[in-house]
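Here's the structure, in structure tokens; my notes come after.
Letters A, B and C mark the chains as written, and numbering starts fresh at 1 in each.
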Amino acid sequence: MTAPRIHGRVVAALMLFAGFALLPLVAWLADDPFLVVIGARILAYGIAALALDLILGFGAMVSFGHAAYLGFGAYAVAILSRFGITDLGLHMAAAVVVSAGFALITGAISLRTRGVYFIMITLAFGQMVYFFFTSLSAFGGDDGTGLRQRSTLLGSSVLEHDLVFFYVTLAVLMALFWLAHRIVGSRFGRVLTGIRENPTRIEAIGFAPRRYQLTAFVISGCMTAIAGVLLANQAEFVSPAFISWHRSGELIFMVVLGGAGTLSGAIAGAVTMIVLEEWLEVFTEHWKLVFGIILVLMVLYSPRGITGIIERLMRGRS
Amino acid sequence: MSRLTLHDLCLSFGALKVTDHVSLAVEPGEIHAIIGPNGAGKTTLIAQLSGQLTPDSGRIELDGSDITHLSPPARVHRGLARSFQITSVLPGFSVLENVALAVQARSGSSFRFFGRVAEEQPLNDAARAVLDATDLGDRLHVLAGALSHGEHRRLELAIALATDPSVLLLDEPLAGIGGAEAERFVEQLRARKGQLTMVLIEHDMDAVFALADRVSVLVYGRIIATGTPDQIRSDPAVRAAYLGQEEAS
Amino acid sequence: MTNLLVLQLLNGLQLGVLLFLIAAGLTLVFGIMDVVNLAHGVLYMVGGYLTASFAALTGSFWLGLGLMIPAAALIGLVLEYVVIRRLYERSHLDQVLATFGLVMIANETVKIIWGTAPIGVPMPELLDGSIPLMGPLKYPVYRLAIIAAGLAVAVGLYVMVNHTRLGMLLRAGATHRNIVAALGVPIGRLFAIVFMLGTVMACFAGGIVAPILSVDTGMGESVLILTFVVVVIGGIGSVKGAFFGAILVALVDTVGGVFGPIAMRAVLDPAAAGQAGRTLAPMLVYILMAAILFARPQGLFGARS
């Protein structure tokens, strides 16, 4: 039965959202305003992971270049702000338009291939974008550039308040989760999931897989770009580091960590990864070493991520 | 006009001729069986008819129009469906979802992103009807990956039927099932005789001779004989090339 | 202008053979073992560091390089045995994640052992200096030696792939894996040998490049993606593809990097041309890849897609 499974995941997501909504209260009680800052970063990455899960978990497309869309989002903020356009909506619109175009072209080429080729081609296109932004000397080249101010919302600079920014980001995440959830349960989503299950069969009942995959690829790229807009605002800084292939790898890690193909799992993966990162950083500057070991062990011993571990525990108990 | 016509199809893999000047006309409503020893090129012939492979030369016509270079999905929309020899379902989907998706392929656009497909009653009703007819009506919400082998074979047929084809290509539908289950399966196919044109590849000779209106014998990529089951049974060339071998083994 | 072109062609060729040394192993691992190995660039870096350390220890670049090779072989065998072997039957996604983890582990380990400052390796005296090419143009002997060494390995690999039993298995394995298994070849041992060979070649590339580029923690990153492009362009599993792909990518990268801005100046004003050239040059390789894949999704010499 698939119905209760999906229902359970929505409940999981709602619990996550409730937890997020209470975070500022916890930060206030603990007298640690930094929690809200980290919280906003987690939410932004949650959006990116959610977007990637849509194609990785449901469409079986392992895109290793998704950080490029974070870059389009981040640089949309930096570039438009430089020209005096500071509206958040316009930043998002520009990021989405550019990302849709890029996803359409590179997706069409990448989807001519499968498997390993697809992974490597998306990786290479990601690097192409990386080098493009590295070469923009007007925006700091390699080093990136700080933002003079955060995007404005309806002409007001309320987003300068970390708390407001946090709740706006949470609202965007919830809206995009709802959107992704509807897409997955729609006609389109069923075809997409079917392609993941068995592309040959999908062709043999009359669907041309590539059109659906490409559409999903574009949607996912646009959603990731919105995460990029928020991330730049959160950091008040943009640089090519947003676009490095390591970042793309981390996004994949978040999705798999939470269990691919579950949507709420992707958000949980983002939470886990960033909390882990912040926590390990306290103990050692070489936290990436620990991280790498965790990654290898996870793949070797729990390929289905946290979801797999939880499911195994629950099965053991019942 | 014949429903499905093959004109001089040829396909080689390197030096190996898997389809060697095959010509065939399948008439509306008939069950046309293609038999032949292992490696005769039956499955590659089906793959060319359904569009997974493209012949090197020759032409395939469906209801008089050339479909040789159409993609598999485009052929399905013209009314040509297939089942696979090795069960090819969506294992993570329920039985109902498997068939409902096939119904969806022929009913309206699938570029709809918001409505809940699980709640589209017309899709589910049409899928239920097909599943009832293939004896899977009580297994609607089981995951396809959890079905028994015999049920898999029936789901395979149900998915193909749900696309509402005018021509059905059946690649060894009885593979791996036998006894009463096979007999029931044959009955289900027989029930559609006349309404649906079928090209049947099958190793079970009892099923072939019980179902087929005409039989073609494929050996090393060539058709060596076409005729009624009786003609084929008594054809000396066929006996030498194929049936004799079968009896000897 | 001609001098500049000749110089850039030679630089391109030198980068090309280095890329080939790395890509050859990568393409075999991809093609035969069907494993995506993101950690392959890291091996190039490790080769550089090991050579630097062994050279400092023995006081001789040649001894350093000589000691590095068995060490590299050992690293390859251990890595294959501990991690890679467990990934053969896994999805590409799992392989990407696990080898991404290896990249993190290796980068940090290198930082812990050698620190973050770049390490220089002195030029071996034997190959120090430059030789005149044409007119006033001189070219460093060492860079010519790199080209020669790379070509020698390429020829050796060509002979091995085309004229030995191991090579026959490699060729068959890249296209018809189950046939090789059916021949009763101990497939596990074949895979281990292939991985070790790939590791040694990548480390060798890192070792011989050490005297002209200082060894640092980012060196693996810079070549990894270019190597992927080489493998994709050449066709997965094809050593010949890796060779021509490497030369092509390196030439486009080097020559395009210098002549792109010059060509731009013909159509744009100098300032804009400078920016456009700097922007386009590093992207040229990827545009080339996109164009090739658009025409041939399986790469130039690829058998499978």
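Here is the rule we go by: a contact is a pair of C-beta atoms (placed from the backbone, for glycine too) under 8 Å apart; a residue touches a chain by one contact, two chains touch by 3 or more.
Everything quoted here is computed from the prediction, not taken from an experiment.
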item	value
Contacts common to subunit A and subunit B (chain labels)	none
Centroid-based (C-alpha) most distant chain relative to subunit B	C
Chain closest to the middle, measuring from C-alpha centroids that were averaged per chain	A
Subunit A and subunit B: spacing of chain centres that average the CA atoms, whole Å	43
Centre-of-Cα separation between subunit C and subunit A, whole angstrom	31
Interchain centroid distance [CA atoms averaged], subunit B/subunit C, Å	49
Touching two or more other chains - residue numbers and ranges from subunit B	none
Where subunit C touches two or more other chains, by residue	none
Contact set on subunit A toward subunit C in their complex	56, 62, 64, 106, 109, 112-117, 119-121, 123-125, 127-128, 131-132, 134-137, 245, 249, 252-253, 256, 260, 286, 288-289, 291-296, 298-300, 303
Complex interface listing, subunit A residues touching subunit B	1-3, 182-183, 185-191, 193-194, 197-198, 200-208, 212, 215
Subunit A-touching residues of subunit C, taken from the complex the two chains share	30, 34, 36, 38, 83, 86-87, 90-94, 96-98, 100-109, 111-112, 225, 228-229, 231-232, 236, 275, 278-279, 282-283, 286-287, 289-290, 293-294, 297-298, 305
For the subunit B and subunit A complex, residues of the former touching the latter	50, 52, 71-74, 76-77, 81-82, 84, 88-94, 97, 100-102, 104-106, 109-118, 120, 141, 143, 159-160, 162-163
